[in-house]
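Encoded as structure tokens, here's the structure I'll be asking about.
In this document, chain identifiers A, B, C and D correspond to the written order of the chains, with residue numbering beginning at 1 in each.
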Amino acid sequence: KEEHLRDDLKYYFMSPCEKYRARRHVPWKMGVQILKIIMVTSQLIIFGLNNQLVVSYKEENTMALKNLFLKDYKGVDEDDYSVAVYTKRDFYDSLFYVMNQYSQLDQLSVGPISYAEDENGKLLPLIMCKKYYKRGSVEPSEEAYNIDAQLETCMSHDPKTANLWRTENSSFFDLDFYLVDIKITFQLSGINLQTVRSRELPDCYAFFITFDNQCHSGKMKIFLDIEAQSSACRDWKISGTQKNTHYLLVFDGFVILMCLTSAVLCTRSIILAVRLLQRFSRFFHENFNRKVCEDDQREFLNGWYLLVIVSDLLAIIGSILKMEIQAKNLTNYDVCSIFLGTSTLLVWVGVIRYLGYFQKYNVLILTMKAAFPKVLRFCCCAGMIYLGYTFCGWIVLGPYHE
Amino acid sequence: KEEHLRDDLKYYFMSPCEKYRARRHVPWKMGVQILKIIMVTSQLIIFGLNNQLVVSYKEENTMALKNLFLKDYKGVDEDDYSVAVYTKRDFYDSLFYVMNQYSQLDQLSVGPISYAEDENGKLLPLIMCKKYYKRGSVEPSEEAYNIDAQLETCMSHDPKTANLWRTENSSFFDLDFYLVDIKITFQLSGINLQTVRSRELPDCYAFFITFDNQCHSGKMKIFLDIEAQSSACRDWKISGTQKNTHYLLVFDGFVILMCLTSAVLCTRSIILAVRLLQRFSRFFHENFNRKVCEDDQREFLNGWYLLVIVSDLLAIIGSILKMEIQAKNLTNYDVCSIFLGTSTLLVWVGVIRYLGYFQKYNVLILTMKAAFPKVLRFCCCAGMIYLGYTFCGWIVLGPYHE
Amino acid sequence: KEEHLRDDLKYYFMSPCEKYRARRHVPWKMGVQILKIIMVTSQLIIFGLNNQLVVSYKEENTMALKNLFLKDYKGVDEDDYSVAVYTKRDFYDSLFYVMNQYSQLDQLSVGPISYAEDENGKLLPLIMCKKYYKRGSVEPSEEAYNIDAQLETCMSHDPKTANLWRTENSSFFDLDFYLVDIKITFQLSGINLQTVRSRELPDCYAFFITFDNQCHSGKMKIFLDIEAQSSACRDWKISGTQKNTHYLLVFDGFVILMCLTSAVLCTRSIILAVRLLQRFSRFFHENFNRKVCEDDQREFLNGWYLLVIVSDLLAIIGSILKMEIQAKNLTNYDVCSIFLGTSTLLVWVGVIRYLGYFQKYNVLILTMKAAFPKVLRFCCCAGMIYLGYTFCGWIVLGPYHE
Amino acid sequence: KEEHLRDDLKYYFMSPCEKYRARRHVPWKMGVQILKIIMVTSQLIIFGLNNQLVVSYKEENTMALKNLFLKDYKGVDEDDYSVAVYTKRDFYDSLFYVMNQYSQLDQLSVGPISYAEDENGKLLPLIMCKKYYKRGSVEPSEEAYNIDAQLETCMSHDPKTANLWRTENSSFFDLDFYLVDIKITFQLSGINLQTVRSRELPDCYAFFITFDNQCHSGKMKIFLDIEAQSSACRDWKISGTQKNTHYLLVFDGFVILMCLTSAVLCTRSIILAVRLLQRFSRFFHENFNRKVCEDDQREFLNGWYLLVIVSDLLAIIGSILKMEIQAKNLTNYDVCSIFLGTSTLLVWVGVIRYLGYFQKYNVLILTMKAAFPKVLRFCCCAGMIYLGYTFCGWIVLGPYHE
């Protein structure tokens, strides 16, 4: 029995190559892993290219809308705002510019973009709100004001007649310059025709545009925040394009299957290892009346298997999300890309394990393993000093420099 | 008696953890320190955010004033000047531009800014001075001049009629171009309404603006120096906002209390250590008739305590300054931020001491301590060569490169 | 016989200096190598200067054509496109701008550039194509379209009357903005007069210009792809300049001769080494009845000789290509520069061998040799992690950052 | 006698501190060195500030002249040229712009700049030259030209009537666009009034301006080369400023004296060392009948003394040049700054010697001395590979990238 246990132990700590030599055990698990690396990586690349199309569509539209609605926009944002305005005349100009451009949007833009509608097909209105401090009693001495709590008034109007507002609501635009901010909100809808070319169904987008105009000092910053929400297009009929998404769905299915197999195989290995450990410790206890020390117990628990299982689970969740996105049921590309990206990262890190089977690499890996905690400890000490320095630097130098 | 001294010595060099195990001594001092770290850091963050508001207000107003008063200002300063002018026509244009903009300031700026007044409520004048070389006798040969000592003439005028100057004082503007410089000085006052929103009393600012126009070569550099002085607003009544500065004052009081406690505890520890050292050296002298060597004496003096006391004193001074600033008695944020920042830096560096109680970190810290003088010595040698190189590089390459 | 073999072996592993001392053997091979370094390097420099003229001509013409044909071109390309257009009006303007500029090209450009001709001397036409989605049945509900497969229509016209197109084909320019892209293609020819100054025959160039106008989103990107093909000028008679290409051809011939000599000498050395190895292993087998181990065998094979032979072959091919280019039979400078550049790189790396003859350098070189595989192995491990990180970073952060 | 020699040897290898303790020898030499460091450094700083004034005057005038004479100049040069022109119309515009601006120079520039005169007080003319290829016989087939050797024609004219040229010499401006280049040359004179303020005599400058217009491809590059030559002002009488150059001349004299003393002291030390070596080797030869080995001989030769002497000589030459510059006999600041800069570099490097007298620093310096040749050798090997790589990279990638 002792002989049998020794054999099993020896076999357990062998590399796949040695296992093959010893018991002609074909390394299935390793084959599955290698196939998985290839499949997960290709899946990631396919999804990444798709994702890039979507992101670039959003970014280009953001840039286009900024160029359409912001007067004197230079093509790049400064720090955190888009355009800065210093004089009252410039402020009125940029305000009316937004309204004019909005009212003639359909003759302006080169892209397929139009006013958004509500469920009844009525155009959604443009809403303009201003916040300002109310003067209390204006006393004769010029520097003494009562500044009241801030007020907010709004007005909303039909997009087509936006340029009439100026004359109709002249009192609204008679701004008192203890103004806090003025905010214009409207909504546009667009369609991404790019995806039609890659033979997929197009996404439709709703743009929520906020023209914020904060005035704290003599420098009035203009922000244009654009939020793009994608959704499946309801009323579009695309003819003349074939849909090849079926092949992709089948491929995703295969990836899920492969990951499941890999996870099951690794779970089995862990269970076998635990059983072997139990046998070994029982034997140890019976023969030498001693417990197996903790370090030796830890040798049985293979960290790599845990890594593989975690990566498999992430890949399965990511693949399911990807299939849902392709079927136009979901549109949150970001969550899916985090799952797929992390699983691919772990899968590639796992390759180091196979390098460890080569004698020469093993030395390297063990050295790195041993040096790791020391490096971490040094980083911890340096981190303390750095933290103090950061606080000190932020408060003393921060406001003047970047 | 010897036994007693040995016990005290052993106890003195224990870590808080060991002290607790030995005599059930609860580590009050360590608790105070940890609480202090949290409080000092939060105080710093609150003050830093406040400080940033003030600094950004000053910076944005500087930018706004530059855009208002400088013709063809591109939004960023070059090297050390704001705008450069090369022709006489451009020079006159930018000079009259300042005066025009100044005379119509109240219709221009989007921010709450106005002409400054003296104590009697009279508007302060704009002052324009020019320095130039007087020609001696203009001889017929064209290249031979007498260049006299430089003269200076000034004129001052009411802001409202600044644009009349041009016609009234045409002889002043008939500039001889052996001009040295021309300087325009005026003063504006503003109010920071931002702080009203964070429910604090607003600061008022006085802007001292100097438009300097130095002409040494064919390139005339235009400088706009803006000095912003903040002061409590005298004649403003803010209604509708609550003042939550009381809570902050209480918090600052707690910080001062905590720092006092910490400083007192550390002073007590130092006194105890000195007494122990005296007992020990007396014992040593009596029994072995030898002096305690200097290295051993130094072991008794704990550098960390000094660090903590210094940091406490800085924090107390900083907190008092902060309270004064909040009560609008002081406005020098910079001095206060240096005190608070330095104390926070020292407090965080002090955390390394507690890391030294862990065996593994201690090795690291001792190694760094030992390596420090060698590194310093190397830097000293390299510094000499670098100093020589700097002088040589500055003189040979300096004027042509940056 | 054994004595003789020992002598030969000792002599084989000597450095040239020791060989000279031992048998008065003048180091011909080393002399040839040193001469070769000088010649190959000078040849490379001559070719490189020539190549730079050609490349800078192409680049400057590209820049000139972009400035001529692109409206509002700022002098640098953004990311991957030249100019971006956001409104329909800007789009039409930049389209008609190309056509106008093209029709009056001969009065515009400062360089010797003209319309390209076909074999019969007829001017080649400008071709304009547009791709767009066809609308299906326009239903009353505004958001429901049938988007058909994309169509393509083209028109071509004589360059001289390009500005008439606009009025004649107004229906073509009545663009439906489910446009995919519009492409304008034309061809120009130029002559590089710069090479005339360096007393060589001028090259003629054909420019294939594509004005691509992709519209996927609200941002229409304009590309101007210019492909410059150089060819010998057919119909030019250059008088008053001497051609000094003969001297260069003779120099190239000498380089080829030198490289051939070097290659032959190295091949001879390898053959001699192999024979010596055979003698040695036979002797070893006869006397000790053992095989020479593999490491010892490898000592006989001198890697440097292989390096020299490879570099010689590359230099010979490169020189032949260079001669063909100078004789105007070939124009692919890039292939030639790769051959010449690689051979020069190898020749200079080969100098390290001669440094190895000095005792002190030899230690250094052997150390580097020994450390090399360890460094490589570490890079391999780090590479795995980096690969995973790259994939993960590309998918998660990639689309939003650069 | 042996005892005496041993004493002298011991004393020779002592540090100044030990010498003082041994024979009460006050370290004069060291005092002189320390004083020299201070004086040489202050001299360098004074000269450097002065030099910077001169260089910034030149640079600012260069910038001013570029802005005056170049049409559409953007304030910074691209690569190697100032402005690029692509169309014939732009070319004529920028050509006539130079002539117009030149003819009205005295009403334009804000700086004291005027037309240069020859000895007789006559204004120097503007000279314009063009180089072009002559067409041979223009054959009917359009693409076949005879391109003749290049010709050159020039014209020169009075500055005041430069704008008349255009109408008078219309045939000159009827440019054939196989033009090689066109060159405009004129000369201006200016005075640096800045130095008047620092109470020194002003320098006068002559500007030689070349407007070069090379046309190799469709991109015509415009260069404006400005050469500024400074000279003493002949016909200027500066009154009302005191000249404080006397003090500076006295200070420079002191520096020269100090450096002479230092050089003489070091030469004496070297002579004493050589004599001691001779005594020692004679003694060694007589008593042990052996020669002193080379390493021991080298110990006697103190490299630091050589360094000090070289630095002293450089400082003396530099100081003499500086005095000449201050007396307005010389104007080449660059040569003087190289001498002064190098001497200061060496003087500061010499400080390391005094650090070597401290035990702990000495270890460091000896270690660095020992490691130096190994580092150099490694650099040599790496240099070979880098050289090959540079050649290869330049030829293969060079023309396309930077």
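Keep in mind that, in the parts below, a residue touches a chain if its C-beta (ideal position, glycine included) is under 8 Å from a C-beta of that chain, and two chains touch if they have at least 3 such contacts.
It should be emphasised that the depicted structure is a prediction, and the values quoted were computed from it without experimental measurement.
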Quiz item: Which chains lie in contact with each of chain A and chain D?
Solution: B, C
Quiz item: Using each chain's Cα centroid, which is most distant from the centroid of chain A?
Solution: D
Self-check item: Same vs different contact residues, chain A with chain B, by half of numbers used
Solution: different
Practice problem: Go ahead and note the Å separation of the Cα centroids belonging to chain B and chain C. | Solution: 55
Exercise. Find the geometric centre of each of chain B and chain D from their Cα atoms only, then give the gap between the two centres in Å, rounded to an integer.
Key: 39
Quiz item: So which bits of chain B are touching at least two other chains?
Solution: none
Self-check item: Pairs of chains satisfying the touch condition
Solution: A-B, A-C, B-D, C-D
Exercise. Would you tell me which residues of chain D are touching chain C in their complex?
Key: 84-88, 91, 133, 136, 141-150, 177-178, 180, 215-220, 373-374, 377-378, 380-381, 384-385, 387-389, 391-396, 398-400
Quiz item: chain D touches which residues of chain C in the complex?
Solution: 41, 44, 47-48, 51-52, 54-57, 60-61, 63-65, 67-68, 107-114, 117, 121, 190, 192-194, 196-197, 234-241, 337-338, 340-342, 344-349, 351-352, 355, 360-361, 364-365, 368
